[in-house]
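Heads up, the next two complexes both have chain A, just with different partners, chain B and then chain C.
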Partner chain A sequence: MILIGERINGMFTDVKQAIAEKNEKVIQDLARRQTEAGAKYLDVNVGTAAADQEGTIKWLVETIQKTCSTGLCLDSQKPAVIAAGLSVMNTENGGILNSTPLNKKSDEDVLDKYLDMADSAGPGVGVITLTMDKNGVPQDTDTRVAIAAEIVQKAMERGFDPQRLYIDPIILPVKVPNAQSQPGNILNAIEQIKYLAEPSPHITMGLSNLSQGTNERSLINRVFLAMAISRGMDSAIVEVLDKQLMDVVATSEMLMDKQIYSDSFLKVYSTT
Partner chain B sequence: MILIGERINGMFTDVKQAIAEKNEKVIQDLARRQTEAGAKYLDVNVGTAAADQEGTIKWLVETIQKTCSTGLCLDSQKPAVIAAGLSVMNTENGGILNSTPLNKKSDEDVLDKYLDMADSAGPGVGVITLTMDKNGVPQDTDTRVAIAAEIVQKAMERGFDPQRLYIDPIILPVKVPNAQSQPGNILNAIEQIKYLAEPSPHITMGLSNLSQGTNERSLINRVFLAMAISRGMDSAIVEVLDKQLMDVVATSEMLMDKQIYSDSFLKVYSTT
Partner chain C sequence: MPIPELVQTHAGSVSRVTLGATKEQGGTRTHTVTIGGAASVVYGGLPEKAGDRPLIAMDVLDTRPDDWPESLSQSFDDVMDSPGKWAAKCVECGADLICLVFDGIHPDKGDKTAADAVAATREVLGAVGVPLILWGCENADKDNQVMPKVSEAAKGENCLIGIVEQDNYKAITAVALADGHNLITGAPLDINIGKQVNILVTDMGFPAERIVTYQSTGALGYGIEYAYSIGERQRLAALSGDKMMAMPAICNVGFEAWRAKEAKLADAPGWGDVAARGPMWEATTAICLLQAGADIIRLRHPKSVAIVKNFIDEIW
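Take a look at the complex of A and B:
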């Protein structure tokens, strides 16, 4: 699993405050702890509070890079904020741009903009692409897969390797009215999306979104993560500091025959 | 989920000793506690130690029925032991006969014998049928599904409602060498078996077998159970006294839209 640590996000109170106070230590601690816990990439999202989003993402990237060399996942819906982060980002351990839909009413070419930025940054930089278009987030399996197919096709037509795509079928909070059919639809979509190219594009999601507002966040995240891994999801933006969740990742990978069973498979997984 | 409590089995030391000493209290405590925990049926297996298996299963059935009216799941590979249990079993809350393969080298008609016994016991009694034939347990998905299809066909031909079948794709210990591809094969088999008839036969398994000999039994069982429920498994023989496992059942059912989400969905599930 390609795990992306979710914690350096201005939506979290501690990160929001650290951004406001330019407190490097809080950000660097989160960077190191998530790396030690198994994050291959660290998501970097300035949140909504910062007035100067471009300056803030540069500060976050530089602050993290002073303490560790983990790959970064620049997270913004604004191409200009991503570009600002990229201007100071070290890409020696790869990187991910998070995220773009297929298109938007206000910006038909947003996908191309993100792919352009990834190409400028180098072949080790991927892009998270949402199964979403100018009509919004689809509710059913088929439209999700159709949008994913269009994304893969557009990438291939311009010579962008599908293995640099992280397709995100967009998991919505299960607590929202009428949303309870979505987890099942998304599992079915994952199963189909992995066959859109050979080798397959990556499949990822912002897992914690599923349990927003519930009393059982870790449990709900863990159960759905196991289900999604069993369908072929090979990446996720998660709380890597949740040990129980990491144990479910290790167990799911072992049961799906991606990691060898040994009596200490949990420990082996967390240290490799 | 139709949960079958696994604990009244002579393979467990406490039950083995209770059988040897004819200690009713141990058996009755397990019957009540499993029922309160959410078991719809109680598995009843005399184990291998008892010399008089037919007398022992009768004693177990009568002992349990003195304290609760939960449906029983008579568990033996010997038709004569099942028949002995049935001779004293109350079927007002249904029942299950556990289990028969499609056929055996030594007994080509074993499936018919189990279906005959279920028919004699009444329409509320089902049969667990293993995806196994005279050649043994298949290792791949396709042979499992082919055997299941033959079982469903044989049942339908004689007028045995497929909804009384509990098809068991036979999960093997993941720790056994070369067995790590089996969990994935079984998930794929589950997905196909549920389409063999309309309405679908039930699908069940002896879940704990998967984690035999490992250090992380509950975790491995929980992760695979979530995966299997997401593919359509609607029954399992499990340790219902494992609260964490029961929480995963409730969460899986909620995420698969079989139970309505509420902030107290775990509590609601455990009391309905």
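Take a look at the complex of A and C:
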């Protein structure tokens, strides 16, 4: 399971404050703790913490890289912010660019821009692509799969290895009105997206979005994570510092025969 | 649309273990050997991902065996009272390693003392220059009593010592750690227990990269399919990045193959000449398990050693 630690995000108050105060220690501490907890990549998202997003993502990347060689997942909808982060990122550690839809009304070629940036960064850098296009986020299974198919085809046509693609079927908060059918639709989509290429693209999601505003955030995240792993999801942007959630990852992977059982399986689970 | 190039890549690989220590390294071996390192399925990937060549260890017992069929024992009849001479003869036959098996210390097979075992160890160390495997009698109490002394006698030689099991691992793991040896973790054809033993010994501080795993081997006709599928599954787990399944593997083919009646029964009309049949049984078992991913094969008969080495030469 390729786990991406979600905590270095300006939406969190401690990170927002650290960005405002240029407090390296808070960021480095989060980087180290998430790495130790099993994060293969660390998401880096300026969020709404700073007006100068390009300068801030550079500062975050440089600050993390001073203490930690974990791959970074540069998180922005703006290609210029990603490019700024990439300009100082050590791509030898691998990395992910997060994220782009298939296309946007305002930018038909946005996917190409992300793929171009990943290509120039090197073969160790992947791209998270959302099953979303200029018409917005699809509500059903079929449209999600159709958009994913277009993304995979586009990548393959330009020689971009599908194994560098992370398809994100976009999980929305379950609490939003009329959104309760979406988790089920996403599970069905995951199962079909797996078959779009051989070897298949990775499938990931920003899991915590699902439980936004609910009273049982960790429980909802954990249960859906287990369900999604059982359908073939092999990556997720999660709170890796949530021990119970990490135990669910280990147990789900063991039950899906991705990891060999041993009596101490929780202790030795390694995210690879 | 162009047809994509399909190359399966793996996150992990089998760890490498080096056995033996030369004079410069604090031992007395003439050379060292290295096993493991595979980063693909057996014979299934690029040659540079295949890892190190598998090795043959020949069994030398600390006592003259009384249950070996004549077709096997006749090769060593003149040297079976001297582990040193026996080992030297095995090296002449092409053994990459000597596996000194302390059968004679077993309470039911002679109940020899630790002093006897130490003497046998010293004799073999003096007689050959290849690295050694030191294999207990698989009686937990007696092994715990004797193997620490054996380990100490071979200190600095970077041997492979074992076996340790889920319910009896502490004593031998501790001495292997103290004396700088590599360790064999054993399990009874059970991959879950095999993984658990690896976790237990690494929890004691034993480095994972100095472990070789052993699953009770099944001979051709006697459960080889179980041994094969475990070997295969272990390799796939190693390739997927499971560090507790990434150790090289050793198989005890000689012992298991020569227990089969098909290998040893002389009076068996229609089964062919026993002189050829036994070694073929042993070699066929070995070749099958090599394809499951075995890194060290324990063998007994010079003829099967020649057949298996030839196979490895041809395919490696």
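Methods note: the second predicted complex is superposed on the first by the 269 of 272 C-alpha atoms of A that agree within 3 Å, B and C clash if a C-alpha of one lies under 4 Å from a C-alpha of the other, contacts with A are read in each partner's own complex, and residues count from 1 in each chain.
In this section, a residue touches a chain if its C-beta (ideal position, glycine included) is under 8 Å from a C-beta of that chain, and two chains touch if they have at least 3 such contacts.
Remember, predicted model here, so these are calculated numbers, not experimental data.
With chain A as the common reference for superposition, the partners chain B and chain C occupy compatible, non-clashing space.
When the two structures are aligned on the shared chain, A:260 is found in touch with chain B and with chain C.
In the superposition on chain A, no contact is made by A:16 with either chain B or chain C. By the touch criterion defined above, A:268 reaches chain C but does not reach chain B. Of the two partner chains placed by the overlay, only chain B lies in contact with A:187; chain C stays clear of it. Remark: in the superposition on chain A the angle formed at chain A by the CA centres of chain B and chain C amounts to 70 degrees, rounded in steps of 10. Once the two structures are overlaid, the count of chain A residues touched is higher for B than for its counterpart among chain B and chain C. Residue contacts after overlaying the shared chain place A:157 against chain C, while chain B stays out of touching range.
Contact with neither chain B nor chain C is seen for A:104 once the two complexes are overlaid on the shared chain.
Look at A:199: by the touch rule set out above, it reaches chain C but stays clear of chain B. Of all Cα pairs linking chain B with chain C in the superposition, the shortest spans 6 Å.
Residue overlap on chain A between the chain B contacts of one complex and the chain C contacts of the other covers 260-261, 263-264.
Chain C makes touch with chain A in their complex at residues 1-2, 4, 6, 8-9, 11-12, 191-193, 195-196, 199-200, 233, 237, 240-245.
Chain B makes touch with chain A in their complex at residues 174-175, 180-181, 183-184, 187, 214-216, 219-220, 223-224, 226-227, 230-231, 247-248, 251-252, 254-257, 260-261, 263-266. Residues 153, 156-157, 159, 161-163, 197-199, 258-264, 267-268, 270, 272 of chain A are the ones that touch chain C when the two sit in their complex.
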